[in-house]
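Next up: some structures, all given as structure tokens.
What follows is a pair of complexes built around chain A, which joins chain B in one and chain C in the other.
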Partner chain A sequence: MRWHRLAAIVRKEILQIRRDLPSLLITVAMPLLLMLGFGYGVSFDIRHIPVYVYDRESSQQSQDFLKRFQASEYFNVMKTVDNYQAVIQALDAGACRLAIVIPVNFSEQLKTGGPVSVQALIDATDNNTANVSISYSEAVVQTYNQQIQLEWLQRHGQARLQPPLKVDARTWFNEDLESTANIVPGVVAIIMAVIGSFLTSLTIAREWERGTMEQLVSTPVTPLELMVGKLVPYFVIGLLDTALCAGMAIWWFEVPFRGQWSVFFLSCTLFLIVVLSLGYFVSVVAKSQLAASQAALIATFLPAFLLSGFIYPIDQMPAVIQVTTHLIPARYFMTIIRDVFLKGTSLPLLLDDLLALALFAVLLTILATRAFQKKLS
Partner chain B sequence: MLGRLRGMLIKEFIQVFRDKRSRFLLFGPPVIQMLVFGYAATLEIRHIPTAVLDFDNSQVSRDLLSRFTASPYFDVRARLNDRRQIGELIDRGDVTVALQIHAGFAQDLRKGRTARLQVIVDSSVSNTALIAVGYVNQIAGRFSQDYQRERLFSTSPLVQSQLPSIVLDRRPWFNTDFDSQWFFVPGVIGNLILVMVVSLTAFAVVREREIGTLEQIMVTPIGRLEFILGKTVPFFLIGLLDTTLISLVGTLWFGVPLRGSIGVLAIGAILFILCMLGIGLFISTISMTQQQAMVSGFFFNMPAITFSGFATPISSMPEFMQWLTYLNPLRYFLDVLRGVYLKGVGLDVLWPQMTAMGVLGLVMLTISVARFHKSLD
Partner chain C sequence: MTDNDAPPVIVRDLVKRFGDFVAVDRINLEARRGEIVGFLGPNGAGKSTTIRMLCGLLRPTAGQALVAGYDVAREPERVRQRIGYMSQKFSLYNDLRVIENIRFFASLYEVPDSVLKERVSWILDMAGLSGRKSTLTGTLPSGWKQRLALGCAVLHRPPILFLDEPTSGVDPISRRQFWELIHTMAAEGVTVLVTTHYMDEAEYCNRLVLIFQGRIVASGSPTELKQRAMTGELVLVECAPLGLALDLLRQTPDVADAAVFGNALHVVVPEARTMIPRLRTHLSQHGVIVARMEPIRPSLEDVFVSLTAAQGAGGKA
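Let's turn to the complex of A and B:
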């Protein structure tokens, strides 16, 4: 590798990027958009679940019970209806996700004792939200039960009643269980994958399509020089984007950063090399810009989004897919970045993941230069 | 006019189906993405890796813990005897939940004091943590209730039969097994059509502009309307074909039931594809290069998918964003897809969504065509 040739390629690429001002703006706008979009749009804090109530008794006690749902921040009681038809229509049209139906002789049955069943009709189309709303409804019912039972026992001269068991839950690393703290560091990984794949996948494909590649090849530049030269500017842009994202995560979304910056930047550097060489590889193999962009999307963005544990937990996937995730570089980076942000994990515990990333970086560089040579001959 | 249009259409189809690679690009990625999404996208949380630390080791404490072992939600991986081990296991990510029972647990219960179950949760993955805490509370709540009943029963049988309580009678509709594939597969159909149609349309026009063939077409007698139709009709048909293909994968491979009428689904798909053609054309008027088209496409696709209710419910988003979702065609199409697939509802329920897509499609196509005329001058 000769430095002056490398420098020439870098200069050429920088010139090309600078001339394409819209694209340069995009490298700043895209992380911002992704950060804001995911930070606000992807939230697992399920609140304000729309609820309809059908109170067939309409007594003071039934109203009292239903008030518990109104008071909860998890539910949003939209409407009180007076027939089943309205409930069915609302569930069909998606106007509510949960409908609570109180039986006719609710308060009377409570007086005579024994369990009274209250119907909870759940739109289970979205199984996750349905599960969470069941959990919250059960909690409302349990609290209410405790209160009426306590009152009953006092009325009947029984000793005061204490709940036998209390759960004392401590959540580590993300004490308020806020999903932004969990999602936002993951978004940093997604953005890096996108920048790497989208921007670089087009650089080589464009040269082929415009016919300038032949001109480049006829110069004394070697494939490795060409690759490194083309990637260096994007590497710098990627690092700047990473810093921008980390800054937003910490100051805008107020995600705690508990780890060491050195570990953070080391892992970011490794991951950037991986995604850049992957994007390069794709653009060498693909023929047109359209093909390159589609292939890059499939090869980097989708796996980073789906198979890295960003949103969907890996340990819940079928075994075959779980094994496949080991081939996804973003999986390792996702673990590292979350651990560094939230757990403050130090280098020794992350060594396995870092080594995996390093391995990918080396392999992909070799693959990409090989593919380039093959394409030339 | 018809003859010229036919010529234009034939040219487009030849271009699209020219070689094996571009044919694959039309149908390969959607099917691959469908399969990956179908398997990987699950928010179900089961087999949460759990450690237990029982300092009491009494019959009651073992009874409580056995309820966790028996539950499909928890997977007891380690029985510890030292507090410090909890920190190690959670730091390494080996367990997500640790349950700790203090010494004297059984004694507290016997004496009518409130006993405590300490739960430590790794909440760096907040959704899993949230659901895990919910399950712990449900199991502990049931244990508590059972214990209380037994205790009261032993002092006075009368109390047992008359103690009031409410039981939640859960009735999940539409997706009774809480199958997350049933939720995600119809959504993926919407996503894929969005990405395919928008990028194919945008690229087809911008490519001609970039290579310089656009001017060649403009000097032929082909009119502008014919050109636009020639560029959109093929992708309209390909979009429909893709819809059919991935719907078949959804029904035949994943076994998602199609409960409503195919006709309603087809109307929804046609209206949605029209909206997406409008967006694709619009992007082609603002991009000079394919790279710009791709990035602009991404700027539309990403928010459109995030703020559609595809993965997380719209009702949990910030209120301002909730209002913006009304401008998002995908929001309506997802309602149609899930409505027809899982709820089996028809036009009587879905007409507002259809109208909204129709209006949005009309507006988008009008704006794009107007802009397109200008961009050709």
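Let's turn to the complex of A and C:
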């Protein structure tokens, strides 16, 4: 590798990038938009489930019970109706996901101590929301039960009775159980994968399309010089984009950053080398900008989204898929970036994942250099 | 490395096949130092394919080519350092400025800093681009682009230069200037291999190689070719209607060949002096009005038509 030629390629790429304003804009706008889109769009928190209420009794006690639904941030009581027909219509139309029906003799039966059934009608087309609706409803009923029992006991002179067993839950790393804290660092990883491979997927294909490759391959430049020379400017852009995304994660989405910047920087460097080389490889093989950019998007986005543990925890996947995820570089980076952000994990504990990334970086750069032939076809 | 007296370009039985298609069929060639060798032939004859193999851009299917003493298939990188190549399509960077293109290729060829400044101004002078250093290359007129491309191809002062249709789409004045540059370089000892389909350009070459259907059908200096290839003399016929006259002439015994050239016919006969009166009468009898009929000196195009016609007939037989 000759320094002179390498520097020439780097300079040339920078000049071309600077003159290509639309592409330059994409490199800033794309991470920004993706960050906002994913940051706000993807959320696993289920809150404000729309609820209809049909109170057949309308007593003080039934109203008192229903107020607990109203008070919960998980439910949003939209409307009180006075017949079944309205309930069914609302569920059909999707106006509510949950309908609570209070029986006619609600307070009377409570007094006699007999079990009272409160009906909950649930739209279970989205099973996840349905499950959450059931457990949240049960939780509301549970606390109401406890209060009634407590009041009964107090009236009978047995004050201050505690439940014998309780869970003392301390949530670590994401104390407020915000899914944003889990998602946003993952989004940073996905954006890096997509942008990184997209940027380089155009470089070689563009030279073929514009015919400049014919002149380039007639010079003594080596495939390694060409690749390194083309990747260096995009590596810098990739790092700037990463900084932009990480900055938004920390200051806009208020995700805690507890790890060491050096570990973060090291892992980002390795991951960028992986995705940039992948994009370059695709560009060499495809020889057309359109085909290359599409292939690069599919090759990085889908695995990073589905198989990296971003949405679906890897240990919940079928065994075969779990094994497959080891071939996805984003999987290792996903672990690292979440741990660095939320747990503040230090280098020794992340060594395995970092080594895996480094291995991919080496393999892909070799693959990309080998794939490029200084020949016309 | 071979000694200095060895020809810079030696081609032995070079073959290139694309699937079943034989693009280049056992070509043999030698080019001397300072010689301008022109590859002449119709589109698809195999000229560009040959040039690309000699530059190490295409792998030969069979045969051998030594350029600057190195085998193009085994040591393409050593070849690349010693050649300049200008492709058919303009292939410098349109989004770079003139000076940026020059500096880029100078660095790729590792032109030392000590001579860089002098080379850059030489290129700018030669291409007439001195006042346009900072112009975006894409906005230059095509003639200037070609000269810049030539400049970038010779930045490292290569002893061998390959030019693939360097003047296509360039106006006649720019073409003339371009060829003057080529001659200057050849005079300094640069060996030039150039493809063209402009017959007038072929006259600028020291030696011509006529390529047809992947094979060399004739080679020699323009004068030699004209003398050797034409068996007989050439007669120019201006007449109307042209089509009828062509048919009549082709049926006439003693007429070796007849072909349309612009708005006239070129007819090959054993002896012009005796044939002209006979042809004139023959044509008039069949209602052709003859405006002009006289012997002319054959052009390269006549030679080319005559040779390719012979090849075509030979191929069919």
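What we mean here is this: the second predicted complex is superposed on the first by the 364 of 377 C-alpha atoms of A that agree within 3 Å, B and C clash if a C-alpha of one lies under 4 Å from a C-alpha of the other, contacts with A are read in each partner's own complex, and residues count from 1 in each chain.
By definition in this document, a contact is a pair of C-beta atoms (placed from the backbone, for glycine too) under 8 Å apart; a residue touches a chain by one contact, two chains touch by 3 or more.
All values derive from a computational prediction rather than experimental measurement.
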item: Superposed partners chain B and chain C on chain A - clash or fit; value: fit
item: First (chain B), second (chain C), both or neither touched by A:Arg11; value: second
item: Most chain A residues touched (candidates chain B, chain C); value: B
item: First, second, both or neither for A:Arg19, with chain B first and chain C second; value: second
item: First, second, both or neither for A:Arg2, with chain B first and chain C second; value: second
item: Partner chain in contact with A:Lys375 - chain B first, chain C second, else both or neither; value: second
item: Touching partner for A:Gln215 - first (chain B), second (chain C), both, neither; value: second
item: Chain B versus chain C as contact partner of A:Trp152, first or second or both or neither; value: first
item: Distance of closest approach, chain C and chain B, by C-alpha atoms in Å; value: 14
item: Doubly contacted chain A residues - partners chain C and chain B; value: 20
item: Residues of chain B touching chain A in the complex; value: 21-22, 25, 29, 32-33, 36-37, 39-47, 49, 64, 90-93, 109, 112-131, 133-138, 140-141, 143-145, 147-148, 151-152, 156, 159, 161-176, 178-180, 182-183, 195, 199, 203, 207, 211, 289-292, 294-295, 298-299, 302-303, 306-307, 311-313, 315-318, 321, 335, 338-339, 342-343, 345, 349
item: Residues of chain C that touch chain A when the two form their complex; value: 52, 55-59, 76-77, 80-81, 83, 85, 87, 89-96, 100, 103-105, 107-110, 149, 152
item: Residue ranges of chain A in contact with chain B within the complex; value: 20, 22-23, 26, 29-30, 33-34, 37-38, 40-50, 65, 76, 89, 91-94, 97, 110-132, 134-139, 141-142, 144-145, 148-149, 152-153, 156, 158-159, 161-175, 177-179, 181-183, 194, 198, 202, 206, 209, 287-291, 293-294, 297-298, 302, 306-307, 309, 311-313, 315-318, 320-321, 335, 338-339, 342-343, 345, 349
item: Chain C-facing residues of chain A, complex; value: 2, 4-5, 7-8, 11-12, 15-16, 19-20, 210-222, 374-376
